Each structure stands twice: as structure tokens, then as C-alpha cells.
Amino acid sequence: MFDLSILFASVLNGITTGAVYALIALGLTLIYGVLHIINFAHGASLMVALYGVYFLKEKIGLDPYLALPIVVPAMFAFGYVLQRVIINRASHGKDENILLVTLGISIVLENLALLFFKSDTRNIETAYTLTTVNIGTAMIALPKLVAFIGALVVSAILLAVMRFTFLGRAIRAVAKEKHGARLMGIDVDHVYAMCFGIGSACLGAAACFLLPAYYVNPMVGNGFVLVAFTIVVLGGMGSFVGALVGGLLIGVVESIGGLYLGESLGQVGIFVIFIAILLLRPQGLFGVRT
Amino acid sequence: MNLLEVKNISRAFGGLRAVEDVSLNVPVGSLTALIGPNGAGKTTLFALMSGFLRPDVGQIVFDGIDITGRAPHLNALLGLTRTFQIVQPFASQTVRENIAVGAHLKFAHRDEALSAAEAVAERLDLHVQLDKPAADLTVAGRKRLELARALATQPKLLLLDEVLAGLNPQEIQEMLPVVRGLVDDGVTVLLIEHVMQAVMNLAQHVWVLAQGQLIAQGTPSEVTQNPQVVEAYLGHGTAARLLKSQQVTHA
Amino acid sequence: MKDFSSIAGFVLLVGCIPFFTDSGVVLNFVMMALYACLLAQAWNILGGFGGQFSFGHALFFGTGAYVQVMAQVHLGWNPWIALLSAMVMSAAVGFSVGALSFRYGLKGSYFALVTLAFAEVFRIVALSVTFTGAGVGLMLPLRESFTNMQFTSRAGYVWLVLGLVALALCTTAWLRHSRFGAYLQAVRDNEDAARAIGVNPFTVKLWATVISGALMGSGGAFYVQVFQYIDPSLAFGPHTSVEALVGAIVGGMGTLWGPVVGALTLHVLADVTRNLFGQLPGINMVVYGCVLVLIVMFMPRGIAGIRLHLFKQPVKTPSVGKERA
């Protein structure tokens, strides 16, 4: 129906977007895989990070990529504190409570943003915003290409941390057996907060890569939450590789869906996949069925 | 007449054969027990009988009807009810309301169910606590509640999973006549029990499960003297050692 | 019975308010407060009594709203008939979503996510399809008369929504004193124990979704009659979903009056905030969000709630697809 070159460009676009989606989902995978928390505030946290990157550019002219060393640690701290101070206290050990608390947090964050920044959609302009790169017959926006590479790099770092560091081992221990880990002397509350922090830090990185090619407004988080969850569920809860693959897949689905069905209706494909996965294959592509 | 017939059922989880080729028949009006060391598969067997799990092979016939793989609530409608090893009260409700849920199987009207619940509570000595929240009961109380709730469904066969677990000796003494009373009232009872005193006291027939397989059956005294059973509980070679030590003391 | 007499008292009391005052401000307040009560009560039936937390209840709201408008504008139906059809359609949507979700054993967070996903799907479809007016939405032409369910004074709307609230209250009271309600709460408290004593969790949860959906749909239909306009984000956006659930949770889930108390409290809070801070966009929701977080942290039972001792263990791995016998 569409000729091959358009399809090719669409797929490439989808892959680049998908890589950023994957980065967003990676943080969520970590949080869910370890804490078994459905973090409804994930999208709103991304929005916070995006605004951070935006204002750094607008107020002090800091290029988003150069803002990484600021935004990532800041988001880490944000996530750490959020988990330690609010979410942990509210859980009382029940899933439902965490669900509600993170929902509440997302509402507060989104509407505070609405309050302070109004509902205007904002984007930034940099020297390279409009530059494109030729790959085969397709023209890909440079920021998107950078985002793609950046997402892969961050994912690799995350995987390395989980594999090779003491923290990574502690996290995996807590994920498997919380009480046993505590008995081994691991500070479980700290590990939980670290996970949340790292997950949020991933969002910080994602925001730096995302903003040049995208935009920000207070409601932007909503769109990302469901997409992120779709990816996490599709990839298999707790599987990083799954989140990566899932992210790329979803990016491509969205892109091709948009091609055939138009911008807004194309999004439906994602949610339909989400519902289908939840119903038919809840363990996702890489997860393990209990 | 056999109320429940279990025919060669097996169930595996991945590589683990939880129940392997088990067959047994529960006569109507009897009080029988299923014993065996931890992890033998007793609760799994209950789950298979009551419909919470589907057997991989085999057949289960209840009151002449094939109930293999039938959903638990449908089995309850037929008269097969089970309790749980770890008590599961409806924590946000009172004792009366808890039992009423069971009674509703037979009584559609709220008022009728509530009075039926009261009657069952009286039988099991729970009437003092009728309006207490179920979450406030002691372990013994919760066990009684679990029993009461199941009893309110007016079952033909009651599968009791370790109804005496967690009770102190006094409470066990108080529970024994209650269980015996069930059979006197016409309910067939099959117990999973670890408290040997109860098994000896109550059961007319005992099945022994070890590592998923039925290794012995008979009267309580037959079964406890069976060397295979001793081995299953106390380890390989124990039967011989016990025999030897007895000979030494007699010498 | 105690419940029904208190409901009757409430209805009489509130119903008399329009006789004592002509003030548009007061009547508007009462009307919107009752509207919030209706939404919270609808959510409470599935969430509070059924223990299934829906994060996308706007799904039913939007369905009701759109059907109400479309039946009148596209089919020329009388609004009172349209109201019935709106409730029927919302119930049907509830049936479908419930059947799918519960057939596949969705619970807890997964159920919440799926309802959110469905709401989003409906929103996107409404946004893209012409007969729902696409992004522009649909308008209800102004024609005030009783038969047309449009009233010159707010009093008419107050009585209309009061009627719906009374319906919701009576439904809730019925839940508290019926076998279905006992079964529903049993499933909420412990699904396996309920199954063992003859309760079919699937049908029970399904019908709860249907009832909850129908009532929520009536809220949507009411909204459209009052504001005479609906668009995809008003209909299916998160705002309404949140309003419904926060009201029920704050007031106390699983009770008769909890949602009323909660919705009223939030409404008053929202009004007070508006008076203090002016018409700042989003300030209401900030308050709702904070209240939600605080209530969950310090008063999880809500203001009037029951003890929801959920004995469930936190999910270690997805327990979505349970063993099906």
C-alpha cells in the first residue's frame, strides 16, 4: 500500500522513538521488577524531568545533552526521596495503597505543573533540532538518532550496574527474597529507594534525549505512562532485555499505525496490544509464568 | 456407598510430581483422615478434589457425578466444601456475616441466611462472638469460624485441611467432639491432620501420602505400625532402628 | 429498614433545599456536590464493595454522555428515553470490559491498568470518528422543558441528580442486605475462600461492573444535560475517573454513606481552595491528589470506612493468569 521507502522511513522513525520509549520503560521495569510497585507517577516524573531540561535550556542556555550530568543526578535524588519519604510510608504493605499513592502523586505533579507553567506546549530550539541524517533512503532527524544511541548506551550501563556491582546484586537479592536479604544485612528500604532513584534517573536521561525531538506540557506524562506500561508488560515484567525489545516494537507499531491510520488513531494500536497482552499472555515476551 | 471416588489422579507442576497416581474411596457417613509428612501433597490432593486444581490424569466422582476439573463453587453446590490450611476469614466482616456467606448457598434471603448463620454459630460455640469482626478472633476462633462457614453450606462431604493446626492442647480437646459431632449430624468428613492424637481418636480409616504417592492405608493403628509409614515420617532406616531398640530393651 | 429510612431522610432533606432558596450559587453547589456523590457511589460499587479498583471509570461516564447526546441529536429520541439507553449502553460496556478482564483473571493493578487502557482507546476513537463529533465534540441544542430534561432553574437539575443519587444509594443499600452483595464482598475479601463455599467470582464481579457502569453512565448523561456539551477528553479523560475514585476512597470504601461524605468533603475543599486562590487552573486537582496521598498514608479506611484488611501478599511475580481448574 505504501511504497517501501516510506515504510522503511517509518520503521526507522519507529525504532528511534522506540529506543527512547525503551529507556523510559527500563526505569519502570526496575521499579516494578524489584519493588513490585506499579508506579503510576512514572509519566509525571518524566514530565518533571522534561521541564527541568527545558528550563535549563531557556534560562541558562544549557544544551540538553550537556544537561545530562545535572538532570540525571537530580532526578535520582527526586526518585530516592519520593520513595523513601512518601511511597514507602504509604504502602502499609498493600499493593492497592501504592497504586493509589502513586496515582495521587502523579495528579499533584501534573496539576502543579499546570498551575505554574500553564498548559502551553513548549519546545526548544537548538542548532541541530532541524538537522537530518540520511540512512539509506530515509531522512532521520539528528536528535532522534542521538536519542537512539543514547538510549542504548544508558541501557547498557544499567544492565552492567545490575550485573557487576554490589548494588546490582543487592537489588536482585531484594527482588527475589526481601526478608532473606534483610537478614543478610542488606538495608532493604535503602535498596528500594535506590531502585526508585535509578528508575527516575533513567527518566532524567530520557528527558535529555527526548526534548530536542519532542515537546513538553503538563499532560505529556499521561501519554507516556500507558505506553511505558505496555512495554513493561509486553517485554515481561522485570526483564530489561524485554523492555528494550518491547520498546522498539512499540515504537515501530506506533509509527506504522500512524502511517496507516493517522496520528491519533495510530495510537490505538498500542493500547489494543496492551489489552491483548494483559489478557492473553500476561508474562509478556520474555517473562516467566508463575 | 462411596461418596467420593478418586481414581488414579496425578498432578505435576513443571518437573515436580506433586500427586502421583492416587486412588481412594471415601464411604458416605465416615470420618477419615489423610496424613503424611510435610510436602507430601495432601493439600494439593484437596485442591484437586475440590476443583481448585485440575488433575493431569484421572477422574474424580462425587455422589455419582464426575466432577473432574469442575470449578470449586459448582462443587460446593453439589455438597463438597473445603476449608483452608491457613485460615481465610472475610476480614472486613463480622462472624455472623462470614457464616452467612456460606448459608447463602442454601438460603437466598438475607434474613434466612443470617438466622441460619446464627444457628450454625450456636452449634460451634461461636454465638458469643457473632457480632465481632472476624479479624478480632483468636486462631482457635478463626478455625471454628472457617468450619462454621463451611458447615453453613450444608455439605455432604467436608474436606478439613488441618483444622487443629495452631491450637493448644486444651483447644484441641474442645475441637475433637465438634468434629465428631459433624459426622453424627450426617456430614462425611475427610481430614488432613498432623495432630496424631486426633487422627487416632477420630478417624475410622487413614490414608498415608508421601512424596505424592499413597504408601499405606488402613485403620489408624494399622497405619501407624506400618514400617513404611514410619520411614516416611522419620527417615530411611528408622523402622529397623526402632525395632532393634525395642528388642534391646526387651532383652 | 434503617438504611432505607436514612436514604429517604436524606432525599427529603436535600430535595427541600430548592424550596428554601432561590440562590443560583447555592443550588449550583448542591447540584455539583450531588453529581460528585453520584460518581463516587458508582465507583464504590465496583471498587469499594467489589474490591476491583478501576482507574478508567470515565469509560462508562463518557459512554453515557455520548449516548445521551447522540440519541437526541442523531436519532431524535426523548432525553428521558435517552437516559435509559445511556445507562443500558454503559452497562453493556461494563459487561464487555468486565467479561474480558475477569475471564482472564485480571486483578489489582492489572485491572486498574486495563480499565485505563480501555478509557484511552475510547477517547482516541471518539477523537477520530465523525459521528462523535471528533475533536470538536457534540452539543446539545438548548430547549428548556421538562420533557426535554432541560430546566430553566437549577432546581430541576438538582432534583434530577438527586433522583439518580437516590437510585445509587438504594442500590448500595441493596448490596448491603442481599445475597449478591454478601457474595460480592466475600469475593473482595478472599476470593478463594468464597469459591470454596459456592460463590462464582466471575459472575459476581461481572454484574458489579455492569451495575457500576450503568450508574456511572447516568452521571455522564446528567453532565451532558447540564452543560450541553461533550468532547473526548471531557468524556474519557482522567479527570472524571480520578474524581470518582478519590471521592469514594476519601469518604470510605464499601460503605453506604462513605462516598457521599467523601465527595461532599472534596467538593467543599475544592470550593474553599477556589475562594482562597482564585480560578487557578489545576489547583483543584492538586488538592485532590494531596488528599488522596494523605488519606492513603494516614487514614486508609477513609473518613467513614470499614477495615479493609486485605490479607493478600504483595505480588512477587505476575499472578495474572491463575491456574484455572
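The first chain written gets the first letter, and so on, giving A, B and C; residue counts start at 1 in each chain.
Quick note on the criterion: a contact is a pair of C-beta atoms (placed from the backbone, for glycine too) under 8 Å apart; a residue touches a chain by one contact, two chains touch by 3 or more.
This is a predicted model, so every value here is computed, not measured.
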item	value
Required minimum of steps from subunit A to subunit C, each step between chains that touch	1
Maximum centroid distance from subunit B, chain identifier (CA atoms)	A
Among all chain pairs, the one with the most C-beta contacts	A-C
Geometric centre distance via CA averages, subunit C-subunit A, whole Å	31
Approximate Å spacing (C-alpha centroids) for the pair subunit A, subunit B	50
Separation of subunit B from subunit C, taking each centre as the mean of its C-alpha atoms, in whole Å	43
Subunit C, residues touching no fewer than two other chains	310
Partner subunit B, residues of subunit C touching it in the complex	177-179, 182-183, 185-186, 188-190, 192-201, 254, 306-311, 323-325
Of subunit C, residues touching subunit A in the complex	53, 55, 100-101, 103-104, 106, 108-110, 112-114, 116-118, 120-121, 124-125, 127-128, 238, 242, 245, 249, 280-286, 288-293, 296-297, 300, 310, 312, 314-321
List of subunit A residues in touch with subunit C within their complex	36, 38, 40, 86, 89-90, 92-97, 99-101, 103-115, 118-119, 218, 222, 226, 229-230, 233, 237-238, 262, 264-265, 267-268, 271-272, 274-275, 278-280, 282-283, 287-290
Residue ranges of subunit B in contact with subunit C within the complex	50-54, 69-74, 76-77, 81-84, 88-93, 97, 100-102, 104-105, 108-110, 113, 133, 135, 149-150, 152-153
